[in-house]
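Pasting the structures in now, so scroll down.
Look at the two complexes coming up: chain A is in both, with chain B in one and chain C in the other.
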Partner chain A sequence: MERIPILKLGPFLLVTIQIDLYDRVALNLENDLITMVSKTGAKGVLIDISAVNIVDSFMGRILGNIASMSRIMDAETVVVGMQPAVAITLVELGLTLQGVHTALDVEKGMELLKTKIDIQYGSLDEDEEEGPDDRTD
Partner chain B sequence: MDLTSQLLQKHKKRILEIWMQNQLADVMLRDDLMTNDELRRQSEELLEALARAVTSGNLDNIYSSDYEQITEILSDISITRARQGFSPRETGMFVLSLKQAINAVYEQELSDKPAELYREISTINKLLDNLSIITFETYIKGREEVILRQTDEINEISTPVIRVWEGILALPIIGTLDSARTQIVMENLLQEIVNTGSSIAILDISGVPAVDSLVAQHLIKTVSATRLMGAECIISGIRAEIAQTIVHLGIDLSNIKTKASLAHALQLAFSMRNVEVRKINRTPMSGLGR
Partner chain C sequence: MIVLTKDTMQILREQDVVPFRNRVRELAVKIGMSLVNQTKLITAASELVRNMLRYANGGKVILEIISKSAQSGVRLTFVDEGPGIADVKQAMQDGFSTGRSLGLGLPGTKRLVNEFDIKSAPGQGTTVMIIHWKNGR
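Then we have the complex of A and B:
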């Protein structure tokens, strides 16, 4: 049975999808990921889909589900590296993934997650040394 | 050889003269688009081909091989005329005035035989009517080709994605947004976002003449797709009339960042990327980004 590895990285969970997601794998991922969030108390989930070329409404819904479930468990979700074709497909399907944060690549996604968590909790103790985050100018 | 073709062969010269006279006397003559010699050459060629085609005795079916040459000549003439900018009326009159010329000659020749005159005239009328329909068909086809080519050209040149700053793309949209163009705009923009790793895209719609609910829908789609890629989209260049239409149509753009001008959008983009542009006193002309 194919499974997608979920890596723990500090307060975040990192998922890199490198195969085409078919329904069973996607459902498993949803399950595993939520279990991991509750087990580790992760504050953020980062899903890299830069290698995914084909997407359908089911997969779009799974991504939305993961985000909503994580939010209930108090974790932010960032989807990174979506291909143009995938983005156009999702929009045409009417799935704009409201509530899911997005970023261009893993690096920017990580930064985004850090700022999101900063805003919620103030500066994260040893993870962040960049000083207080006030980008309100 | 029947009477029709005999008459045509015999009086070719006279018909041509009368036809040319008719054409040159027409107030709508376009000697600016075509010289009289050229017109004469075309007319002669067509009449020659007609006389030859009629010899076959086939006067009804213009889709048979006897008329292949003449339809070819007619298509050539009308397509060239469409490209040269002749009006439909002028193109149609070219064939129809031949009918008048032939009728005039027949009337003189057969003035003492009304029954034959009637038969001949109605035969030739039917034939030339069919030919003028062909002229029209090809004329319109020629025009459509011109339109299609122009549409393609517009699509190709009208969607440039400009990199205005590191990480900031601008996309000025000029002309009406329909589904096909939105698709091209969206694909270009998203591909450029991937290529340059830009996180902000400015969509300038000051060149869009009108925004209706469909255009707004397309804009919203583009913005959503950009967001899914992980970039932010700002819409700029919203004129007063467009703002009014959007509100009157009840389109909700509240989730989208909108600015009145490209300059304001750029300013917002700068502040989003924590970039500052300021004047340096020493060299008053240069603005420097830091």
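Then we have the complex of A and C:
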């Protein structure tokens, strides 16, 4: 069974989808990612779909599911690198990927994730004081 | 309307979907369809083929390149012998689904392609025909 590799990069998980997914592989990815989030305590998930030519309603739903599940597991999801033709098609299809953060490329996605995590926890560089007072300055 | 090429693909398992999508892409490229229109056509085809697998355990697709008043296009006809659709009008509404999907498949597909026709009756299977013209109009 084909599987999509998931790389751990500091507090983030990075997934690069480089093949056209069929449903089973997409469902496996959903499962594997959530398991990895729980196992590693990752704070962010970055999904690079720049090599994906087709996102249909099923694949769109999987991306949405991953985002909602990660959020429940206290991690943010950013989908990066969507091809323009895919974006046009998704909107006409009626799928707007609500609740999924997006960025143009991996670099911008990383920045977005970092700011999101900063807002929640204060700067990661400081000792990880996760108190609610952290966010005042 | 003239049929320039015609072939048939059986879709019986999920794994047949990716080769099918590639075949559709080949046809679209052959007539010089733009990337956005290719993506729309393939996404539409992907939705329909998924419906066929989910509700009718598969079926066959007739793939044709057609020509009408000096314009070429791709025509796909999805034929299954599944349970059929009781209320086609209802199935064409956004958000309606008897499965657990988002219910975007049929109405979304119709928005993506130039011509769309569906014939179905309970116990008599479902036939969906779509045409996408080279210039997308």
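Criterion: the second predicted complex is superposed on the first by the 125 of 137 C-alpha atoms of A that agree within 3 Å, B and C clash if a C-alpha of one lies under 4 Å from a C-alpha of the other, contacts with A are read in each partner's own complex, and residues count from 1 in each chain.
Convention: a residue touches a chain if its C-beta (ideal position, glycine included) is under 8 Å from a C-beta of that chain, and two chains touch if they have at least 3 such contacts.
Predicted model, so just to flag it, every value in this text is computed and none were measured.
J.: Name the contact category of A:81: first (chain B only), second (chain C only), both, or neither.
T.: First partner only.
J.: State whether A:44 touches chain B only (first), chain C only (second), both chains, or neither.
T.: Neither chain B nor chain C is touched by A:44.
J.: Taking the superposition as given, does A:57 touch the first partner, chain B, the second, chain C, both, or neither?
T.: second
J.: Is A:20 touching anything from chain B or chain C once the two structures are fitted on A? First, second, both or neither.
T.: second
J.: Thinking of the overlay built on chain A, is A:103 touched by chain B (first), by chain C (second), by both, or by neither?
T.: first
J.: Hey, what residues of chain A end up touching chain B and chain C alike?
T.: 83-84, 86, 88, 92.
J.: Please give the residue numbers of chain C that touch chain A in the complex, ascending.
T.: 14-15, 17-18, 21-22, 25, 35-36, 38-40, 42-43, 46-47, 50, 94, 101-102, 104-105, 107-109, 111-112
J.: List the residues on chain A that touch chain C in their complex, please.
T.: 20, 22-24, 53-58, 60-61, 83-86, 88-89, 92-95
J.: Chain B touches which residues of chain A in the complex?
T.: Those in contact with chain B are residues 79-84, 86-88, 90-92, 96-97, 102-105, 108-109, 135, 137.
J.: Mind listing the chain B positions that touch chain A in their complex?
T.: Those in contact with chain A are residues 183, 186-187, 190-191, 193-194, 197-199, 221, 224-231, 271, 274.
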